[in-house]
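Consider the two complexes below, in which chain A is the common component and chain B and chain C are the respective partners.
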Partner chain A sequence: MLAAERAIGRAMLIELFRRKDLYVLGLLVLVLLGAAASIDFFGVEGVEAYLRELSTTLTLLFTVVIAVAVVARQIPREVERKTLVPILAKPLSRWQFLFGKFLGAVACLTAALVVFWASSALIEAFKGMRLTGLLVQGFVLQWLGLVMLTALALFFSTLVSEAPVSVTLSLLAYFLLKGFTSNIHILASGATGFGASALGLVYTVVPHFEFYDPTQMMAFAPLQKALGFLDWLFFAGYAFGYTAVFLAGAWLAFRRKRF
Partner chain B sequence: MKRFGTLRTTLAIGGALFLCAQMSAEITVRGCRLVAESGGPGVARPRTVLSLFIGRVEALVGDILLLKADNYFHGQTSLLGRTRVGECEHGLDHHAYACHEHHEHHEGEHHHAHGALAYDHFLYRQYVKVASTAHVHLRRHEEIVPWLYASVRLNPANERAAVVAAYWLARQLDEPREAERVLRAALAERPSSWRLRAALAWLHFDEGRFGPALSQCESALGLFEPVESGEDGAHDLAELWRLASACQEGLDHLDKALACAQVVVTLLPESEAARERLDELKALVAGRSEGPSERP
Partner chain C sequence: MEPVLEIRNLSVTYGKGARAVKALDGVSLELVPGEIFGLIGPNGAGKTTLIKAVLGLIEPDRGEVRVGGEPGGSVAARSRLGYMPEVAYYYDFLRAGEFLRLCGRLCGMRGRALERRITSLLDRLGLAAHRRKLIKHYSKGMRQRLGLAQAMLHEPGLLLLDEPTSGLDPLARRDVRRLMLALRDEGRTVLFSSHELSEVETVCDRVAMINGGRLIVSGTMEEILRPYRSYRARLRTAEVERVRRACEPASIEERIDSCILVAKTIEELPRLLQRALEAGAVLEDVDHGYESLERLYAEIVEGA
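This part shows the complex of A and B:
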């Protein structure tokens, strides 16, 4: 079952490990966090929130870069190399091809996330920080958001034929959505009548990538409450729901595309 | 070779920008040297165009990091004026406790538990669960130090950052020497800042070093420029005179302390505390003048 999709995904994963991006960024996480951990802040002891915040931010940023760089250029590059037509000539539907690419991208981002989180945990442990259960929650939360982003990047890669355009579009969409949607409530709380309804609608419809940024949660880990079962149900359902929407969009754009 | 097209263009543009930056930097350095040789303004620190630009970015980042420290402490109350729904978990009791523990905190500064934004979207309620700023107020004060550290390092000229950092180091974290270092580094950048001198004076006063405290306080009074108009400006000035009075009292110059306290009453005629302080000093001076005659 899913043998063709798995084969496509495996090829993507192998490519990720052949490239140097992952190792370079993993090393960069270690160096940056190591440097940050070694700073003496006026001789004050017991300071750790800044390091957690920094590590979560770096981990998210680098995994976003890896995930987008891997997935957004998949289809444009296949077209550019003229390898897409031979692949589609095999007994493989376009949906299977797309889903295989998606699975491969998810495998790549999971590998990247594990490498970056392990680097962060190593530095934190070295500094004598207590590794709490919230680390696992933060990891899963980031993973869900990145799965959603992967589907969005795949959708963009089916729309445009140039890999750099696809990468730029995906990164732009991600950072704009993540940065601005969280502020709609500020506008909405000051608006009345139609304006408030319109903003409320926009807030409901746009995908909320900021849900999957656990930076604040991680920074205040010793003081923060863990998420409950119903919260997890919501966050997982929301991420997989939007992932399905983006994949459906990608399939609609890809199924009749001529190369 | 086609696939390297973007890379080649980027490299070419990057190279051109680098060369332009280098040339402008060289021209600026030469210009600064000429100015330095002629003894004109700008002698102290010749800067390149590039370093001027980076310097401004550094200063900006430093100022943002001060907000970050404040965010850690107050949970974004200072940015929005009040907090977001669900961010404040400690409840109303916190206010009474905070006021009890820190006399520096006034009730008016704590808007967050009273005035949460009325936005009740179901998605927003979920968002707050992962993005809430569980602020460290009265729990882990030391967590704000890295942001203050970065803020004063990136922008030593930001007097507010230096004063806030010095306050936390000296009064909450028991590091008065570090606080003094921060203030002196900021004073090197802004020697005419009365706020920095006032903070240094308070630092010396808290350690019982009344002479240096008075010296800094007098400098601050000489440099004083009210930032806030009206009542707040008068309060700032009165605070300096109050410190001067306390320093004079510490040095056993009761007449001078009395004179300073009278200035405080003139500046704040409505203040009961200022009047009480004046009466207290008057009694002390009277006691002193009666004292020798009672001796055998």
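This part shows the complex of A and C:
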């Protein structure tokens, strides 16, 4: 099943490995370990929360940068290197090609996320902190957000022909959406009439990447409670729904493109 | 005979409005099984655009393409053809074996059958010893051969080769020509574009010439060059001008201590020869044949 898509995804992973792009991951892990190791535990109240916040924030930042750097460059780079034409001349649809790229990117980012979260867990264990099921919850939540981001970056990758532009647009879109969408809700609550309705609509329609930031959940004890089944159903459905929307957008932009 | 490739009234435009450039303008062609079809024309004539439109990489403004009865650009159509691009850019971070495995999987091949096919193709194209080498370490000739391998991998009935001998040394060119002939003998159809007119003359059963996006002429070499048939007599003479005057208006090509008298028909040859001999020339040799495709090409391109 999905043999062509898996083949495209596998080629993408081999490229990341052989071009040494993933070596950046190792460097970032060292940064994460170094930052955490530098924190002094003795006699400091609340340092556990700080450590968790730091490692989760760094993990989120690093994986977002890796995701965008890897995915947003995919199509422009293939066009620039002229490697796209011989592949698209094969009997596979453009959707299969895009979905293969998406699968390869998700596999790569899952691996990166595992490495980061495993490193965080190691640090916590080393510092004598108790490892809880929240680690798994945080991991899954962040993974869902990354899947969404991967589809968004792939969309920009099909939309523009310059890799740096695609990377910039993806990063801008992610950080703007993550930073400001929650504020729309606050603005809406202060507005009246049409303004309130319009802001409410915008709040409902725009993708909420901040849902998938586990920093608060991981760091602060009062909020450290497991998400219920319905919560997971919502978060997973929301992430996969937007992923489908972004992938459909990518396909619409890519399907009739001339090469 | 059912055509392998049908192109009807194909038009492609690049850009819009004032910047619009017509890359193809109402081109129609039909290729039958087991023939080598040459596509010739100057740079920018529309050869690559035509091939890309057949592949579905460029959607035409109007017209129709059918590959073995399937709509051009569809997955079913692409499964019936193999394509080798003009410039051999492949995933150079892969080894040749890995790249062919990827191509095979994209063509729906798998398992031992795929591995056997890869091995036999690499053997046939002289790349077996380089199977585990990264493509980025391949020479241009090796990349061209790898390009042929990936195009032939799924044994398609139609091969589209865009300038397959471009940048190759004479021996490698000869190998590619032999391969095309072998493919034709296997019953496959080869459509190839080239600037090398001698190559086209040597291997093609039929030729089409396009210029400015329009099909100028197409047919067998005999059909195309019939108006250019000529009879050539080599005459030894120290007085070429005297012979030229005697034979006017026939064409005389000057050589060192000799000249070539060109007669358009066999009927006018004896009369012209008689006049040349009377002007003091000595007959050395008579040859008959066609003007080369190069002359036709030059006339069409320069006259356009």
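Assume the second predicted complex is superposed on the first by the 228 of 259 C-alpha atoms of A that agree within 3 Å, B and C clash if a C-alpha of one lies under 4 Å from a C-alpha of the other, contacts with A are read in each partner's own complex, and residues count from 1 in each chain.
We adopt the following convention: a residue touches a chain if its C-beta (ideal position, glycine included) is under 8 Å from a C-beta of that chain, and two chains touch if they have at least 3 such contacts.
Because the structure is predicted, anything quoted here is derived from the model rather than measured.
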| item | value |
| --- | --- |
| Which superposed partner A:Pro164 touches (first chain B, second chain C, both, neither) | first |
| Partner chain(s) touched by A:Arg258 [first = chain B, second = chain C, both, neither] | second |
| Which superposed partner A:Leu88 touches (first chain B, second chain C, both, neither) | second |
| First (chain B), second (chain C), both or neither touched by A:Ile14 | second |
| Which partner reaches more residues of chain A (counting touched residues only), chain B or chain C | B |
| Complex interface listing, chain C residues touching chain A | 52, 55, 57-59, 75-76, 78-79, 83-85, 87, 89-91, 93-94, 98, 101-103, 105-108, 110, 134, 147, 150, 154 |
| Residues of chain B that touch chain A when the two form their complex | 3, 6, 72, 80, 84, 117-119, 121, 123-124, 126-127, 129-134, 136, 139-140, 142-143, 145-147, 149, 169, 173, 175, 178, 182 |
| Residue ranges of chain A touching chain B (in the complex, touch as defined) | 39, 41-50, 80, 141, 164, 182, 185-186, 188-189, 200, 203-204, 208, 210-214, 216-217, 220, 222-224, 227, 231, 234-235 |
| Contact set on chain A toward chain C in their complex | 3-4, 6-8, 10-11, 14-15, 18-19, 81-83, 85-93, 256, 258-259 |
